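Each of the next two complexes has chain A plus one other chain: chain B in the first, chain C in the second.
Take a look at the complex of A and B:
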């Protein structure tokens, strides 16, 4: 895992929980869409959210995406975002509904529901790593799905955390569904204080 | 508009510059206020998150750019200091404040729009163009050569302000 992409590294305890979470999410995602998805990028870095949002906008200036945002509440809260470009989401919907690829053509109730379910399952996968492996109590809230500019969705994703803190830890991961050449993106944004909860858990175990 | 001259304004940030630069950003519930001096062809943009700093930053020194009440005066201060322009030379345009995630509990976008209007009124700076509210995101390009703002609401045509 690339831990030094933009800024300083998270500590070892956080690295471990991130690694386990991304592995779990990758397995769940492959199982859910019934096609293998490989992790094509995995990095965790501490960054300034203003710079991070400007960088995201620079990468995909015109990009239209569908995103699923999940707020995870509890002892170690974080925010979770899964997004992909709109055509990719249509194919993902067909894969999940086990119908012929190309059936979905618009951002309709099926696509919205499929994206909501992906967000739900993947965020729950991260929660299960925290809860089952580390005994940290957390609970996901229902996903919020939006179809909009990537820059707008990323802004909504980081807004609450950016209001509280300037420098934050971001976990960024990309999945590649090779068979259909689909690229999907995932971000985990721990709330201020979550790193401390994870550290304390590990210290308690020593 | 040339891509080489484009500067992206991130969440909770201020950028100021002059002709031939284009300042660009994407907005949801955040609001962007653009100040422009037609005589000097210089201007700046703030992309702020919340209407008031004191709500969550009590006792701390907030980063001014994140909030309307601290950020808009800061944008004006920087423009005056860097380009030596008087306040009366500026006109304002404002964009964003959408309810993209359709939140019923708290309408941050609306609060952000109201805050910008009140602050600009207090500073006696005229708002000469605006596109705010709704439930879809905004992409805006602020051309410092002309002061025009090209605003695209998601899935709509680009409009000029």
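Take a look at the complex of A and C:
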């Protein structure tokens, strides 16, 4: 686990909630796709949004992905993005529907819906961690699904936050699905102020 | 005659999964709704024996839709099936009148057990 690969490291309270969230998401994802999946936290870092966007663009700008973006509203709002490269989405759909892998060949409503529902379930899982462990009221809104180049989807993901703050905490995770060598990614982007809510909760408990 | 069920969820893949589980076990899925408004309209049109209701949906969420359905028929059987695993949401759903509350991702047995209980079959 790397909490500071780029930019500066988040504080202890935030590190803890990140790890709890990743553990929860890992359980939910494996249960939904009915195949073992290992989710690793790649990076959690405070960075400049323009730098984060530039890095994403440099890495995978030509990758066509399907992404599910969830706005989470409440005491500690954040944005959530789950995405996978287009061929991976077809396999995930077959796994969820317990069909032979290779059955899904077109990007139909079920493939988009599979990604929508993964975003919904995983974002809800992160909300549960916040709500249960930090006594915070928080709820996901319906996911928005986009099928586009990664750079375009990431721009949409960070757009509103970029208008409010230059420095942001980004949590980046990769999912490895056993047997299928699939790679998916998840980003959590807390809204400005959310880190303060978590810190205040910890200070109240000490 | 098979019990008639209406599925309300904004995710087509979840509607398909529920439909497969229910029809394979002798229930008749008579309609589907993609948001709370559609759910209420389909309930009026079809008078199902049971409704499965998601909470997080566009237009009108499942809690508001459930309130409207129960205002039309206070004996309506509604099972909430949602990804929101929070005590507060569960309590709200039960307070409004849900017969049961299932967390996504769900297991087939859990869905069938809730449906059977709602029909007094367990």
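Things to note:
Criterion: the second predicted complex is superposed on the first by the 204 of 206 C-alpha atoms of A that agree within 3 Å, B and C clash if a C-alpha of one lies under 4 Å from a C-alpha of the other, contacts with A are read in each partner's own complex, and residues count from 1 in each chain.
Following the convention adopted for this analysis, a residue touches a chain if its C-beta (ideal position, glycine included) is under 8 Å from a C-beta of that chain, and two chains touch if they have at least 3 such contacts.
These numbers were taken from a predicted model, which means no experiment stands behind them.
Of the two partner chains, chain C is the only one touched by A:132; chain B is not.
Contact with chain C, but none with chain B, is seen for A:93 once the two complexes are overlaid on the shared chain.
By the touch criterion stated above, A:15 is placed in contact with neither chain B nor chain C. In the superposed model, A:32 lies in contact with chain C only, and not with chain B.
In the superposition on chain A, A:113 makes contact with chain C only, while chain B stays out of contact range.
For the contact definition in use here, the chain B contact set and the chain C contact set of chain A share no residue. Residues 8-13, 24-30, 49-50, 56, 63, 65-66, 98, 100-102, 108, 136-139, 154 of chain B are the ones touching chain A in the complex. The touching residues of chain A, counted against chain B in their complex, run 49-55, 57-58, 61, 64, 69, 144, 146-156, 158-159, 162-164, 166.
Of all residues in chain C, those touching chain A in their complex are 10-14, 16-17, 56-58, 82-89, 104-105. If you check the complex, the residues on chain A that touch chain C are 28, 31-32, 93, 96-97, 109-110, 113-114, 116-117, 120-121, 123-125, 127-128, 131-132, 137, 139-142.
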